[in-house]
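Got a structure for you, written out below as structure tokens; questions coming shortly.
As written, the chains take the letters A, B, C, D, E and F, and residue 1 is the first residue of each chain.
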Amino acid sequence: MKRVMTRVAGLGLAILLLGILPVFPAHGDEVAVEAAVAAVPPAPTVDTGDTSWLLISSALVLMMTIPGLSLFYGGLVRKKNVLSVLMQCFMITCLISVQWVLWGYSLSFGPDIKGLIGSLDWFGLKGVGLEPNADYAATVPHQAFMIFQMMFAIITPALIIGAFAERMKFMPFVVFTLLWATFVYDPLCHWVWGVGGFIRKMGALDFAGGTVVHINAGIAALVSALVLGKRLGYPHKMSPPHNLPFSIMGAGLLWVGWFGFNAGSALGANGLAASAFVVTHVATAMAGLTWSIMDLIFNKRPTVLGIISGAVAGLVAITPASGFVTPLGALGIGAGAGVICYLSVAFMKARFGYDDALDAFGVHGVGGFWGAIATGLWATKSVNAAGADGLFYGNPGLVLIQLKAALITVVYSLVVSFVLLKVVDLVMGLRTDEQEERIGLDLSEHREAAYTMLD
Amino acid sequence: MKRVMTRVAGLGLAILLLGILPVFPAHGDEVAVEAAVAAVPPAPTVDTGDTSWLLISSALVLMMTIPGLSLFYGGLVRKKNVLSVLMQCFMITCLISVQWVLWGYSLSFGPDIKGLIGSLDWFGLKGVGLEPNADYAATVPHQAFMIFQMMFAIITPALIIGAFAERMKFMPFVVFTLLWATFVYDPLCHWVWGVGGFIRKMGALDFAGGTVVHINAGIAALVSALVLGKRLGYPHKMSPPHNLPFSIMGAGLLWVGWFGFNAGSALGANGLAASAFVVTHVATAMAGLTWSIMDLIFNKRPTVLGIISGAVAGLVAITPASGFVTPLGALGIGAGAGVICYLSVAFMKARFGYDDALDAFGVHGVGGFWGAIATGLWATKSVNAAGADGLFYGNPGLVLIQLKAALITVVYSLVVSFVLLKVVDLVMGLRTDEQEERIGLDLSEHREAAYTMLD
Amino acid sequence: MKRVMTRVAGLGLAILLLGILPVFPAHGDEVAVEAAVAAVPPAPTVDTGDTSWLLISSALVLMMTIPGLSLFYGGLVRKKNVLSVLMQCFMITCLISVQWVLWGYSLSFGPDIKGLIGSLDWFGLKGVGLEPNADYAATVPHQAFMIFQMMFAIITPALIIGAFAERMKFMPFVVFTLLWATFVYDPLCHWVWGVGGFIRKMGALDFAGGTVVHINAGIAALVSALVLGKRLGYPHKMSPPHNLPFSIMGAGLLWVGWFGFNAGSALGANGLAASAFVVTHVATAMAGLTWSIMDLIFNKRPTVLGIISGAVAGLVAITPASGFVTPLGALGIGAGAGVICYLSVAFMKARFGYDDALDAFGVHGVGGFWGAIATGLWATKSVNAAGADGLFYGNPGLVLIQLKAALITVVYSLVVSFVLLKVVDLVMGLRTDEQEERIGLDLSEHREAAYTMLD
Amino acid sequence: MKYIVAILQPDRLDEVLQRLTEKEIHLVTVTNVLGRGRQKGIAEVYRSHKEAGSLLKKVKIEIAVNEAFVKPTIEAITEGGRTGQIGDGKIFVLSLDECIRIRTGETGGVAIG
Amino acid sequence: MKYIVAILQPDRLDEVLQRLTEKEIHLVTVTNVLGRGRQKGIAEVYRSHKEAGSLLKKVKIEIAVNEAFVKPTIEAITEGGRTGQIGDGKIFVLSLDECIRIRTGETGGVAIG
Amino acid sequence: MKYIVAILQPDRLDEVLQRLTEKEIHLVTVTNVLGRGRQKGIAEVYRSHKEAGSLLKKVKIEIAVNEAFVKPTIEAITEGGRTGQIGDGKIFVLSLDECIRIRTGETGGVAIG
């Protein structure tokens, strides 16, 4: 008892000091912030409508991860592993938020170094104030842009969970996530969206994150499925989704939240936002419908897991295209997503035998790739003058640029994710031991049970 | 295996072509869109605040259906049918979205034909661009108005599910929904809200859809309950709601989303939106409270299913009135909704013996009717100069107009819904066979189970 | 049967009359409203962006209570009591909304009486119209400000539920809530936020409700835990949370909704809102992370109940500070919240042995107190010129003012909550009898069961 | 006295309970169980992956009866539970040595009903 | 050896478990069940529709014991489970032929405890 | 005929089912149960409060067999279910007087398989 108390006291003290510590850097950048704030009152550029839209969009994108994605994934695993998935999503949210404030945002969007990475000048958000940063969004506070981007940095590693669910140890997962965010997400984000980023300069179109978020996470997912190996009993002795209503709820919240993701990427409440909102919705609906038709053809019955998977595939595919295509183009992209992701999940996975537990690769990787190409097909300057015309509008060149950007992403994500996984595996071991996997990660990794049996 | 592969290949090709197809019409209206877009930059009329509000309202209204309503209904059915209800809601979302883009919006809001229907000029959203359409909403992109209305077109048929839950086959349901949207919802929508629509010209007030959405869906619900007949074992051998927390969660999301429905109908972020927001909330709270009092009187205990049913009844009743009444008027409307819907659900249903499984008629039909009348009682120009005064503000004539509009809706919805149901029944058969109903629709219609029993 | 019908008829009539009644006051203030409305068109002061943000923020704060908090709490109790918790949250929402319209808003924000309470001049929202009230929010309709504040008045008593869960009778709970809102919340709200309120004049900083909402509810929670006594079998024979996924879902919705709570308190979509949004998120993430580290130290494993508890503690702690601190300050506040609330929940509660069932005091009371002090440490005028500098920015005096404001809140809440509980106990008895507690409140108080066992 | 255990198709439970009532056998205890039998059942399909579905949802009922009621009980269950399809389940009859009513402490044949 | 099965009111489980512990009977298996008995129970009400409520939530416990423990077990259950209200449940005693401890393979009376 | 009841660790169920299949014992009924035994199990921790955890999740299987299958059944369960840790569970063997296949009405030894 006494020992505990001493430990508590010591620890409390230590962490309190730690808590106070941040004040020093705060003091450090006080001048910068003050200068920034001093500049705010006269700044006539903050538009309240645009700011309102970007803030609520940020909230929506957070809702995509918690509770959206976490429920979607949580419902699909077995009862004994649901908490582990929910915990991974929640931990990523906490962890990456802090990483982003400290160095992630700076690496991604900070002053460019040779087109490859942002500098650490914005470490701890130094100089990231409340006045707009015209390089990124001229009508909203810079911090609003920063937090909107943070939500993307959060959901991307969370998508990967779907591949290694039900068998990865928790502490190595935390370490891997931190490394991956720093060495894979942040550089890629800089390349595609950062001022000076080299893919951005190539003229590749990625409105809301097809490459950065979906291809990237999808490839990392495939790699982790391969590195970690199959779950015990896969594929024949697995039990089905333990709570499909959770997954459907999650899919609904993903859909709603995705409006923030795509239409929020217009960075203002304007015609482009409305257009992105509409095509996002249309492609999603079409993809859900298409998956149901595939279900009907191959299994005689439309299924609810099918329609929600289709909807998510549609959301993924429209993401890069959402600022560049018409509603009819969105129908095409959605239909393609439904067909292609269906085939990849139903046949390709079975064929090659990797255990992508919740189809993170099959939906996000494949769907993201299709979206990148499809942007090259259906993009039109009539929707967004700042974009480009695609193949169907007379410019076949765009498809090649899109393909190039996608392939660079694939290669980079594949190689670095693989190296990081192997390193963490060597140091800490990625996979739970057999006994713990059998008991379930909730109990073995977290000492908790999701549900009680008695009243 | 080979056969499967061939099928896959052929099919993939076919659907890809299909996916590409939309480009041709897209090419067709490229000029129109381009012209529109060309016109956008100078258009000084898009207000970012209004657009922000309409976009987030659209997202909120989608949230009402998925996951809101689907959870509300899903929790009320038996375990073996929960997926079927969730699937119906999700399928409606996908299906009607596509229908709306192709012809639904054009029929509802397109250039008027004799006050009866919109023309097909806007088929595939031709000419529906990013500039505002001053006829409907002068300060937001036309597509934003279109997508907001789409969410209404989605939730209306979803409400009907409550009546025929647990016993309708899935494929006939899909066909019926498509027909009903086209032949019942779209015309009615045009009559009440379309420029030139004849009910609109009558001077009837329906701010956010009391007639179009609630009376309409409520009547179709009653008709389908009667046409489909009672569930096996109804009323004595039914089991209670399988997951009330789901329903409560759903009710909460409905309440939150309904702010988009009603206050969004102001089509801008102004005083009227604030007023609609406030009265919506107040009426809902009062109706929840009133239902609890009724519970206390008749069953000695307030119940949670009661209070959420009351809240939904309040939301329904305030819908047509939400742009025209004061907060105190809203208290009156809410109290009335609580009493009247309670009596209809507790006594009228038992009396007449129809099996309106989840009280879609009792809440939406009856509550919507009360709302239409109540608008005639409490409406006041002091809230909305564009509205009218009601009985309590010295103008008894409004009640009659409201009654007339409501009755037209009742008759039209009743007749056409009946015909459509009978036609579909003849061709495909609406009702599952006894054995399948007993097994439950999740397994028999979709080959899925909502929950697993083991870990 | 006949008797029932007569009762129904009589009752229906009575309530309808009651429903119509409100029209008379409505007539009364018609002039005021009309005058107000007449003033609206020229009023150039309603900003659509700010209004959009405040309305969506109000919706988000409602979402915090239903379904957010209700799920968070509902998941933590035993299966047999989940509905009782959900019912309490829903009833508070309905009840306090009506109370707020009738007299709550007037008492809190109405014309000041000696710095102690608002007058009843705004009873029934008389004079609370659609034009802005510059005293509180110059760019949004007064009713928008009113409804935003209503959502705070709703969630505050809902927080207390966590302390007396699983053992309080329903009707006394209703009476207590109504009294508490009127005699504790409304006055405190006036003191801190009302024009003329004496704590406001003291110069204490409370951006979004650290004292009014969290300390206040936390103390009332402690008092009710003590007055009601421990649950049967506490602490050794309790079963664990019956549905942790519900709690995690609830925590996610709380987090998302809290952006409305804190960033909405900027009352506009501006730099301050963005800043509040960012620090809210950062502190929450840091607190979740910190709690996980504490878990790791004391129990060897991070838990999911831990990380969500930490996140909520962070949200609570940042609340008063959210308009005054930098992101790095937020890291400090979050870390402190994680450590301090962890210690209070894990050790202090065990030490003193009170049964604060869901740690409403441990998280909201203690976290709120820490937030009040921490605001005194990290506040800086560089973020908000209307604020003040704290200890770390060279002004130790602020800590004392903060402490004083917090202590006044503690004392007032403690004394009056205690008196109210004792009075209600005397008149109606607060606690369920042993048999009913054993059966569970769902069945004994509401005659409902949350879940069925068979299909 | 006998202790009768039967495994049923879930959708036959209502029918069985009703037949039992008709034969004046009111007291029953019901449990959700999973069964592996000859029946392969309706295979569930998730993302085109067919579940082997070796464990199907069943319902178990337990009834303690005096000898005189053994035959009627078996008849009621057989009639109510039979669909003629594989998977209809089994009835198991065990000997029951003693029965005590908790409320009264009564034992034996009088306690059973 | 006997195999004792008892159906209890859910809220009496804790009490029964404690009484069993007091008599040194530690090993128990517990199952959620539904029971139809004489008790009509607290009728649930949904939207003013009273559930017939024929199946009530009960808890089943199973205890395998050596002969010497039969009486104490029955006493513990009866004392802990009795409320005097209809619905308190029953105890059924069956003969147990054999008992094997999986961990060790021990059989018979020594395996039971 | 015997009625074999076994309480297992949940994570051994798959293994046990497979061993049973190998010995041609296909018919099994499975139930989720909670057990109180010698095993204290993995204690759950909620907000630093350690659950006494007296009731642990277990799985119960029930198998009716002809005499010839009693030994193989027990062997299969023992082999598949053993981890050597406390908490592995027990097997109980009861006498089965009669067995009826609902679908066909067959009785006795032929009905059991």
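Basically, a contact is a pair of C-beta atoms (placed from the backbone, for glycine too) under 8 Å apart; a residue touches a chain by one contact, two chains touch by 3 or more.
It should be emphasised that the depicted structure is a prediction, and the values quoted were computed from it without experimental measurement.
Considering every other chain in turn, the ones in contact with both chain C and chain E prove to be A, B, D, F. Between chain B and chain F, the least number of touch steps comes to 1.
In summary, the interface at C-E recurs among the listed pairs A-D, B-F or B-D; the equivalent pair, sharing over half of its contacts by residue number, is B-D.
Per-chain Cα centroids separate chain E from chain F by 18 Å. With centres set at the average Cα position, the gap from chain B to chain E is 50 Å. One simple way to say how far apart two chains are is to compare their mean CA positions; for chain A and chain B this gives 32 Å.
Looking at chain B, residues 47-50, 52-53, 56, 80, 237, 239-241, 243, 269, 298-299, 301, 303, 305, 347, 440, 447-449, 453-455 sit in touch with two or more other chains. The multi-chain contact residues of chain F, meaning those touching 2 or more other chains, are 10-11, 30-32, 34, 44-46, 55, 57, 83, 94-95. Chain contacts here are complete: no pair of chains fails to touch.
On the chain D side of its complex with chain F, the touching residues are 2, 5-8, 31-38, 54-55, 58, 60, 74, 77-78, 81-95. Interface residues of chain D, counted against chain B in their complex, comprise 10-11, 14, 32, 34, 42-46, 55, 57, 83. Within the complex formed with chain B, the residues of chain C that make contact are 4, 7-8, 11-12, 15-16, 18-23, 25-27, 29-30, 33-34, 37, 40, 46-53, 55-56, 58-59, 62-63, 66-67, 70-71, 74, 82-83, 86-87, 90-91, 93-95, 97-98, 101, 124-125, 130-131, 140-141, 143-144, 146-147, 150, 170, 243, 246, 269, 445-452, 454-455.
Residues 3, 17, 26-32, 62, 64, 94-103, 105, 111-112 of chain F touch chain D in their complex. Those residues of chain C whose C-beta lies close enough to touch chain A in the complex are 47-50, 52-53, 56, 60, 78-80, 239-245, 248-249, 251-253, 255-256, 259-260, 263, 268-275, 277-278, 281-282, 284-286, 288-290, 292, 294, 297, 299, 301-305, 307-308, 310-311, 326-329, 331-336, 338-340, 343, 347, 377-378, 380, 382-383, 385, 392-393, 440.
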